[in-house]
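Below are two complexes that have chain A in common, paired first with chain B and then with chain C.
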Partner chain A sequence: MSALVFRLKQAPDRRIDLSGLVPEALQGRSELAIARLPLDGSRDKLKVADVFGLRMGDPMSLRFDGGSERFDLVGAGMATGEIIVDGPVGAQAGRLMRAGTLRIQGDAGPYAASRLAGGRLEIDGNAGERLGAPLAGEMAGMSGGIVIVHGDAGSRAGDRLRRGIVVIEGRSGKDAGSRMIAGTLVLRGEVAGAPGPLMRRGTIVLVDGDCSTLPTFSDCGSHRLVAARLLAFELERLGLRFARKLKRPVRRFAGDMAISGKGEIWIA
Partner chain B sequence: MRGVSVKRVVVENSFAEAFDMRATALIITADDLKWARQAAMAMTGFATSVIGCGCEAGIDRELTGAETPDGRPGVRVLLFAVSTAELQKQVLTRVGQCVLTCVGSACFGAIAGEERLKLGAALRYFGDGWQISKKFGGRHYWRIPVMDGEFVCEATIGMTKAAVGGGNLIIMGASPRNVLNAAEAAAHRIGATRDVIMPFPGGIVRSGSKVGSKYKALVASTNDAYCPTLKGALASKLGREIASVLEIVIDGLSPEAVSEAMRAGIAAIVGLGPERGALRISAGNYGGKLGRHHYHLRKLLS
Partner chain C sequence: MPGRRGEGRHPRAWIEGVACSLDAAIEAALGRLRESRHPLFAGLGCDVEGARKLVRLAKLVGASIDHLSGTATGIELAVARDMGAFLTTPGEAAARADTLFILGPETGEAGTEYLDRVLETTPKLAARDAPRGVVWVGPALKAKARSNRLDITSFQVPTPQIATLLAALRARLADRPVAKAPLSAPRLDAIVEKLRQAKFGVAIWSSPALGPLAIEALAGLVRDLNETTRFSCLPVIGADNAAGVAMTLTWLTGFPSHIDFARGEAEHDTWRFDAARLARSGEADLALWISAYRHHWPDWAGDMPLIALTARADQMKRSPAVIEIEVGTPGADHDTVDFSPASGLFAFRAATARQAIPSVAEVIDRFCTELAEPARSLR
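Moving on, here comes the complex of A and B:
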């Protein structure tokens, strides 16, 4: 059965909350029922049919033909199935996602994967600031799952990361891995500034390049780590071939000693 | 005992009586096979019988890098015990003392199992606060800093209650040399089957036991009916032509694994023939009243 397709009629003139359009919420609904679903966040009660043309298909596989940076909370809280967006999305894509696969074939705005707990979010373009991070007032960021950004990411990617794997293949903004609690943040491209400020635990992996480390990170020397091999196999399974470099010795820095942190940076 | 002659080797009309056991499987890896095997041998040493060792353990098979979680060569080890608590105790003690201590080693679970045993989740405290938790690919690992780097260990490992312990073959022949030839051939062939171990040295045991003893303190004693030096002194099970007896004990992760192993062992012994090998094959049982798994030798003639 082919995917259930939402075809964008025209560029939206306002921010639209798409958190209601997730597979588990559409199962068992008719085309008419889906077309009449209200889109939260709109002032004058927009309905799905006002924004999208529908082509019915398997609700476990949703496809948005055309995206917009005004589409917020795409795939937020999704617990099963697959969503593919052919275009950009706005803020908080995949926030609180629990399972399933969300693929953005374009750029994503700030707070993508915010507090994501499971599943897989893949962004073909760039991600905005605070990838995987908590919103103001929340204590922890991502608590599981996998996030892959094939482009660049804004500042503070992986802020307060608690569990899960975040991969940024392009450049990373300032303060990547800030306040990390645990988890794994893999940065392949150029990194702005020094990563990991105030990280308590967790692993930041720098592949393909050197970067400055904060003076509060201590050099622990080069080591051939079994854990790095396990991560390499996991990343290769996800289609990230550069991960083979992790099978070589990595240089390990421990920190952030500014807070007696027990985190680490591997330079592969 | 009566039996059927297969290629002039008599297969007695008997059966092996085996028991339900708890079991787990581990993969031990190292930078090379030599050290993976070293860790596995240390861990499975003194694990021949639950009677005196707490568990029965052995190496199932060697693994290439393509078969292990960390891509290094390794070995698959199986452990069997009579209770979950005892298996938990034995796994922790043996991995903690023999694998964690072995240069370059890492340790992973090797069966899914319906229940989980603690491994890294308990051993991590050796890290004294420097241990690191990692979750990759749905599996949870603990990294414990040690003097040659890190010991990586899966947090929990699977356990099965479908395991079987006590499959066996009793091999009888005209000379110790011939019987050993047959036992070695059987052990070699059984070693190639999956999901089983032969916990005794080299896979062969010479001191088969019977239940009970004339001494009240002992729960088991020598199987005098199969001791060739006593065959004139008591109601022996051995004929005049038998001068030596050896036994192979088999534990498996499933009843099917044990029966396949016994089938392979019988085929090897029969294939060797009576001139260079065994004259008779039998199996140990307790009259069928103690263990619910009965492996009738005649049904295992392939």
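Moving on, here comes the complex of A and C:
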């Protein structure tokens, strides 16, 4: 059975909350029922049919034909199945996602993967600021799962990361890995400024090239780390071939000494 | 612009730069508010009563509210919300502090006035014989601040490096190693020792240029100091009653800023309801700009039609507002309750020269009265 397709009728003139359109919420619903679903968060009470043309298919596999940077909360809370967006999305894509696969074939806005708990989010374009971060007032960021950004990421990627793996293949913005609690942040491209300010624990991995480090990170020398090899295998399993570089010795920095010094930066 | 400003003390208003009666301007503004699909209330330089009425109006028209983006108060609230903070009042700091840890502001910045006051006051309740210890970090110290009542140790550190310095101090306080920092190891340890020796220490800063991570590093340092001594923070309170309005909005809606009423209930999102973003993205189609304490405009003023309630301007300038209504300055033209930076409390202030110019609250109240009836019948 082919995918259930939402074809964007025209670029929306307001922000639209798409958190209701996830596989588990659409299972067993008729075309008419889906067309009449309200799109929460719009200022005027929009329904699915006002924004999208529908082509029925397997609700476990959703496809958005055409995206918009005004689509907020795409795949938010999703617990199963697959969503593919052919275009950009707005803020908080994959927020609180628990399982399944979400693929954005374009750019994502700020707070993508915010507090993601499981599953896999892949962004083909760039991600905005605060990838995986908690919203204002929340104490921890991503708590599991895998996020892969093939493009660049904005500032403070992995803010308050608690568990899970975040990979940024392009450049990453300022203060990457700020306030990390645990988890793994892999930065392949160029890094703006020094990463890991106020990180408590966790691992930031720099794969291609060097970066400046904060004075509160202590150089621990080069080591052949078993953990680095394990991470390399895991990343290769995810299709990230550059990870083989982690099988060589890595230079390790411990920090942020301002907090506890239990976090680390590996430079491969 | 016809109608000279700064002269005559009667209500004045302009539509597209042409002087008109207050009633005509209010009528025109009402028309705009009724038609708007997504109005934005920004600036919010007003007293408690003004903020109260603005929340009522925002509920009636389904507006977004943002007055803290990019302000010092916004950054301090974000840090307090994320990790908490040990805070004290300006009065306590002036009376009791035996050690001041000052992250020096640039000259002329908000807060320099208060800083002068603290530096000139003799602490009443601290050890009287010893001079007050001051650890000054930042741009060079002003000559005015020097006195024999103060024992000043100053360290010149460029503002962008203050975050790094604070992190290094916190590491040294816990006896953890620090690599090459903005100051040498002995000087770092000298600062740490002075802070550790404080009986009643207060950290004072004002610069929004420090950024949230620097303030968070400072809040963490103060938290660690409280393991062994008493130390608190005193952010210098920003302009335009920002802290007072934030508190008023919090007790009315649950949130200090970045609020939206489109769905009837107050909703909070620091990114979605950022005023500049709403203006530049074209999502908001009308702005209500409030600035009763001073005459100024946001950077995004040109991006959408503006209804402005502003203090009188000293000189004539082309106004970016479609409709502009002059409002009284709280505490000068009318009685007010607002947050006093000198005491760190809400305070009543009687008008110094009472005028017939309407207050923000009075103008907004007229909007509410006109809009309330039809809005109720629609819902």
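Some observations on this one:
We take it that the second predicted complex is superposed on the first by the 268 of 268 C-alpha atoms of A that agree within 3 Å, B and C clash if a C-alpha of one lies under 4 Å from a C-alpha of the other, contacts with A are read in each partner's own complex, and residues count from 1 in each chain.
Basically, a residue touches a chain if its C-beta (ideal position, glycine included) is under 8 Å from a C-beta of that chain, and two chains touch if they have at least 3 such contacts.
Note that the structure is a prediction, hence the values are computed from the model and not measured.
Model built by superposing both complexes on chain A: chain B and chain C fit together without a clash. By the touch criterion defined above, A:137 reaches chain C but does not reach chain B. Once the two complexes are overlaid on the shared chain, A:225 sits against chain B while remaining clear of chain C.
Look at A:14: by the touch rule set out above, it reaches chain C but stays clear of chain B. By the document's definition of touching, of the two partners only chain C reaches A:259; chain B does not. By the touch criterion defined above, A:111 lies against chain C but remains apart from chain B after alignment on the C-alpha atoms of chain A. Once the two complexes are overlaid on the shared chain, A:245 sits clear of chain B and of chain C alike. In the superposition on chain A, A:165 makes contact with chain B only, not with chain C. Rounded to the nearest 10, the superposed model shows the Cα centres of chain B and chain C diverging by 130 degrees about the centre of chain A. Put simply, more of the residues of chain A are touched by C, taking chain B and chain C as the two choices.
In the superposition on chain A, A:91 contacts chain C only, with no contact to chain B. When the two complexes are overlaid on their common chain A, residue A:72 makes contact with chain C while staying clear of chain B.
The superposed three-chain arrangement places the nearest Cα atoms of chain B and chain C 15 Å from each other. Residue ranges on chain A touching chain B, taken from their complex, read 144, 163-165, 182, 184, 201, 203, 223-227, 229-231, 233-234, 237, 247, 262, 264.
Per the touch definition, chain C reaches chain A in the complex via residues 37-38, 62, 78, 81-82, 163-164, 166-168, 170-171, 174, 176-182, 213, 216-217, 220, 258, 262-263, 268-272, 283.
The touching residues of chain A, counted against chain C in their complex, run 14-15, 41, 43-44, 70, 72, 91, 110-111, 135-137, 139, 175, 178-179, 197-198, 213-219, 256-259, 261.
Only residues 29, 69-72, 106, 129-130, 132-137, 141, 143, 149-150, 152 of chain B touch chain A when the two sit together in their complex.
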